[in-house]
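Notes to accompany the following structure.
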Amino acid sequence: MTYANRQIDRAGAATIAGLAECGVATVHEAMGRRGLMSSKMRPIQQDQTIAGSAITVSAAPGDNWMIHVALELAQPGDVLVVAPFSPSDAGYFGDLMAESAQARGIAGLVIDAGVRDLRDLRRMGFAVWSTAVCAWGTVKETPGWVNVPVQCAGAIVNPGDVVVADDDGVVIVPREMADPVLAQSRARIEAEADKRRALRDGALSMDLYDLRSRLAAKGFTYR
Amino acid sequence: MTYANRQIDRAGAATIAGLAECGVATVHEAMGRRGLMSSKMRPIQQDQTIAGSAITVSAAPGDNWMIHVALELAQPGDVLVVAPFSPSDAGYFGDLMAESAQARGIAGLVIDAGVRDLRDLRRMGFAVWSTAVCAWGTVKETPGWVNVPVQCAGAIVNPGDVVVADDDGVVIVPREMADPVLAQSRARIEAEADKRRALRDGALSMDLYDLRSRLAAKGFTYR
Amino acid sequence: MTYANRQIDRAGAATIAGLAECGVATVHEAMGRRGLMSSKMRPIQQDQTIAGSAITVSAAPGDNWMIHVALELAQPGDVLVVAPFSPSDAGYFGDLMAESAQARGIAGLVIDAGVRDLRDLRRMGFAVWSTAVCAWGTVKETPGWVNVPVQCAGAIVNPGDVVVADDDGVVIVPREMADPVLAQSRARIEAEADKRRALRDGALSMDLYDLRSRLAAKGFTYR
Amino acid sequence: MTYANRQIDRAGAATIAGLAECGVATVHEAMGRRGLMSSKMRPIQQDQTIAGSAITVSAAPGDNWMIHVALELAQPGDVLVVAPFSPSDAGYFGDLMAESAQARGIAGLVIDAGVRDLRDLRRMGFAVWSTAVCAWGTVKETPGWVNVPVQCAGAIVNPGDVVVADDDGVVIVPREMADPVLAQSRARIEAEADKRRALRDGALSMDLYDLRSRLAAKGFTYR
Amino acid sequence: MTYANRQIDRAGAATIAGLAECGVATVHEAMGRRGLMSSKMRPIQQDQTIAGSAITVSAAPGDNWMIHVALELAQPGDVLVVAPFSPSDAGYFGDLMAESAQARGIAGLVIDAGVRDLRDLRRMGFAVWSTAVCAWGTVKETPGWVNVPVQCAGAIVNPGDVVVADDDGVVIVPREMADPVLAQSRARIEAEADKRRALRDGALSMDLYDLRSRLAAKGFTYR
Amino acid sequence: MTYANRQIDRAGAATIAGLAECGVATVHEAMGRRGLMSSKMRPIQQDQTIAGSAITVSAAPGDNWMIHVALELAQPGDVLVVAPFSPSDAGYFGDLMAESAQARGIAGLVIDAGVRDLRDLRRMGFAVWSTAVCAWGTVKETPGWVNVPVQCAGAIVNPGDVVVADDDGVVIVPREMADPVLAQSRARIEAEADKRRALRDGALSMDLYDLRSRLAAKGFTYR
């Protein structure tokens, strides 16, 4: 009953690279405010933004066997998305796996559980987002699933969806929405450029966004 | 029923600057151990200490409209204190608002909710203390209150109270207590200088604080 | 009824130094996956690994009196392990205590509660693992115990046990197991060296660990 | 610096009784959705609704001395509102205090901390809302404040405010708003009576609240 | 972009009734230990077991508009499964909605957020599982989705999946697996009947499950 | 390396029965406020008090194998104390195990993890304290330890220690302290009887405990 899907569809490389440039907050807004993982999903490093196609892993609690399967199926630029099917903060991923992932060109790891060997991971520059840091070891006893739909830190992830991750957290863009979301993200960034300049020069957002009349209409007053 | 108070009283600039120099732990002790926000209120940066007069914001959950109102009412050196009136970890504040806040000389933000665009906020050097990092977007639909008493991460904050924030967290000094608290904080620091020197030279706090006889009196023994 | 034990047995200095070199994740595995503290025990600094003999402190909630007792009983290289006997995130330890600890050659602090004066602690390079950062002050009213068995963040710690702490967290090695655990840790590191090289060169862990046949035997399939 | 205010103003008895009849959810709505305590504030019993004037207690963590002061100052029908000034889940209140509170006609207890002797409290029918159940004992060492503004489980409570508590939680009605809030609560209940009847008879809220056109206007479709 | 799917496929009524008889723990085991919601999903009542086809609701945080849409689309015996797309503990569901749901024959509610009017819900006997109890009001401002895949308290739920809920929590059975899972659940119950009798008569599970030799083979000893 | 100790020493039956009569809060006070488990350890039933000798179980996360070993080693009146050596909320214990435990006269279960089949457990009247309710299944793959010192929900438990549990939580009395603690508990109850009567008759604790002068001495005033 357990299995891996070898073939997944991916979004185009340029689209993925474009989404990385836009960043999590912008992409999340452009998607109509969906797809964001919970705020407990945090990076172990600072100042790194990645995007890539999701290789999804549905793992038994405290068992990292399926990550080994995923490492073989991933292509350069992919992102591993690991979700135990019952909550666990064991350390599923450490320096040896990171060596392998980096050797195979994997862009990073998003895991709704723990990682370990933090110092090594940071030294290697392998990008990780996790919900815990914990040295607790895992076993290879119970198979799970690779490249099936998973829920990870509150977001549904299908294999091949685009994962965008930065210091703000992680957002998932369904593969078939990747192009329109990129377009909307870029439009948003452009629209913000003028506002940013105006605000930097001391303009008030109350004027810029025309908020005064709407406020008054809702009965808001100044004293 | 919703409104903003335009005018608030502030402590003197020299007092505020003095409190910043003393730091959170000392000020909290000097106040008789009151006014500290919960330990879930954490800085997004390291090594930054600020103090300023509180512009308080009571916001609807997931709605950042009132921060725009506050940005206009704040004066250089003020600190925004934002508390949703029901818990939320949405990202109320990001890079555009930080541009505006910085342009207007605002000293920093303390928010019992989430912030986003972390990388930009850190790059700009805009000081933030928050209870979450989250890209989740907010709306401008429901007015709230600006410059009314709020409770933020467990502390009551009145507009014009002095906010002191550093790597240890955030403490609130009621405006009318600012001068005596500063005096007591400075006395405390002075009193600690000698002790620090003695401890650095290897003295034992058991002797320095004369703890041995009190311990024995409470029946404590060595084996 | 409250007391301190002056004399504790310690593991050998070379053993302790060896365990520090191995790091938390390796030592934890070598011990058969026991002794790890909970993932809420986090360092306040990055890139620091320590090991030392535990001076254990069982303290009243919000009361740091016993740490002063421990500072006198500790020897150079020891690690303070502090556990309130009821949960507390008060700031039991700050810059003055760190001055004293550093002057006496103490290797670091592990505390299931809060610390404060974070900026000073980091500047001084005094290594700390804690479950909270909080300026809340403590008192010296209620004696407790020093050098008795304690439970700290989920691990049982006996005085003289070896504490190993790094970016991954904290693991406790019972004193009488220190030598065999060091031997097993080193064996583990050696065994990993070849694997690391192979993985870095692009080998698959599926082959290296011979996982394919075991997977098939469990009914796992590829699609 | 610590003190109790003997005199507080109270809302009228009929108003208070009326608010109890309306219940927490209705009163909270009638107030414009303010004043609700956090969802971690839970009753220890089922099916009990109370309302009364708040006697507020600002207590040291793990110290219940001020509750004894409050027991003397309370009048029949009052509600004790206890908030430690730093988080604590110690058991501040047990059967002996409940005997005294009940003898003096106090309507109930709302506490942002722990209670104990649960079985006795339930047997006596003394109504309690707390954020923890914990036998941990408290001391009488550090004075605090009685009848000052406190923040309790996320709500600001002034002495004399009306506390309304039922199975849904606790809401605070500022004393001077008690009459208009009661009027609005009653209007709300009346308005709901017809709707309740219609819904019970199988009417759809989509029709009753006229939601179809507004939904379509926002671009919502059926497939 | 927001919409509701009117038509969903459902499992057979006999299958659904059969799954209710088996209960959550058995069904979860029969499914190979998948599909269980997190342990924070708790019933507001005791001793009630339900099963039904999922009408899924993906709602904006603090906005219950989509539940009104779902109430119209649900058929007798269905279960509402509500998941805000960002975490919220607001009270999405209260007595009026329960009147409507009960009038329309809906079997119960599973919600990854708050409910209110607890006393009324219990009195009416309308079965609810939620992650919070909270009176906080919701609005009808932002459309969402009805009958799309959602993630609810850690489980992925597709419209038409069978929801089984009892005192142990909630498990989701994918519609197409409902029949085989029922068969396996029943087989499991039958297999347990003999064991139950033997254990009640004092047999040891060590003998019944033949655990002694396996234990010894793993090096486990008695002292 | 894994093993069970067959023989443990127990306190006398009369002592154990006496401690049960005193209840958790009293025993905890009589012990000098030690030994209490965390407030997250909660009963699944109401109005039940038990006491018994601890059979301790140190189990692998998600693995209930050792409970089967413990069931054989326990004697009538004993209490199972189960602590996974890494946090887990899986459902380690359900109706079949309860049948066996009840058949063998075991007094109850205290577990720092989850239980399941709640309805059956309550129906059978088998007393349970746990930190979670969760149907998640466990395996029998990894041996652990039975009758060794464990830490359970923040308390250290040695085999043979007396476990006292009621609606307030769980407290552990070291076996060798059981008799003096019982004596002190009884003295405490006697001392409280008079106070209870006085308070019931309307006396003030301020007078009864002579709190006024001590308060004044600490500078507390009335306004």
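Per-chain residue numbering starts at 1, and chain names A, B, C, D, E and F are given in the order in which the chains are listed.
Here is the rule we go by: contacts are C-beta pairs under 8 Å (C-beta built on N, C-alpha and C of every residue); 3 or more make two chains touch, one makes a residue touch a chain.
Quick caveat: nothing in here was measured; it's all calculated off a predicted structure.
Both chain A and chain D are touched by B, C, E, F.
Counted as hops between touching chains, the shortest connection from chain B to chain E is 1. Looking at B-C and A-E side by side, the one with more C-beta contacts is B-C.
Two copies of one sequence, chain E and chain F, touch each other mainly through non-matching residues, since under half of the numbers at the interface are common to both. Averaging C-alpha coordinates per chain places the centre of chain B 28 Å away from that of chain D.
Separating the centre of chain C from that of chain E, both taken as means of CA atoms, is a distance of 41 Å. Distance between chain centres (mean CA atoms), chain D to chain F: 31 Å.
For chain B, residues touching at least two other chains, in rising order: 1, 33, 36, 86-87, 89, 136, 142.
According to the touch criterion at the top of this document, the contacting chain pairs are A-B, A-C, A-E, A-F, B-C, B-D, B-E, C-D, C-F, D-E, D-F, E-F. Chain contact summary for the complex, chain D toward chain C: residues 61-62, 86-90, 136, 141.
Within the complex formed with chain F, the chain D residues making contact are 1-6, 65, 68-69, 71-72, 89, 91, 94-97, 99-100, 102-104, 114, 116-119, 122, 132-137, 140, 142-143.
Remark: chain A residues 23-25, 28-29, 33, 36, 39, 42, 46-47, 49, 166-169, 171, 192, 195-196, 199-206, 209, 211, 214-215, 218-223 touch chain B in the complex.
If you check the complex, the residues on chain C that touch chain F are 1, 32-34, 36, 38, 85-87, 149-151, 154-156.
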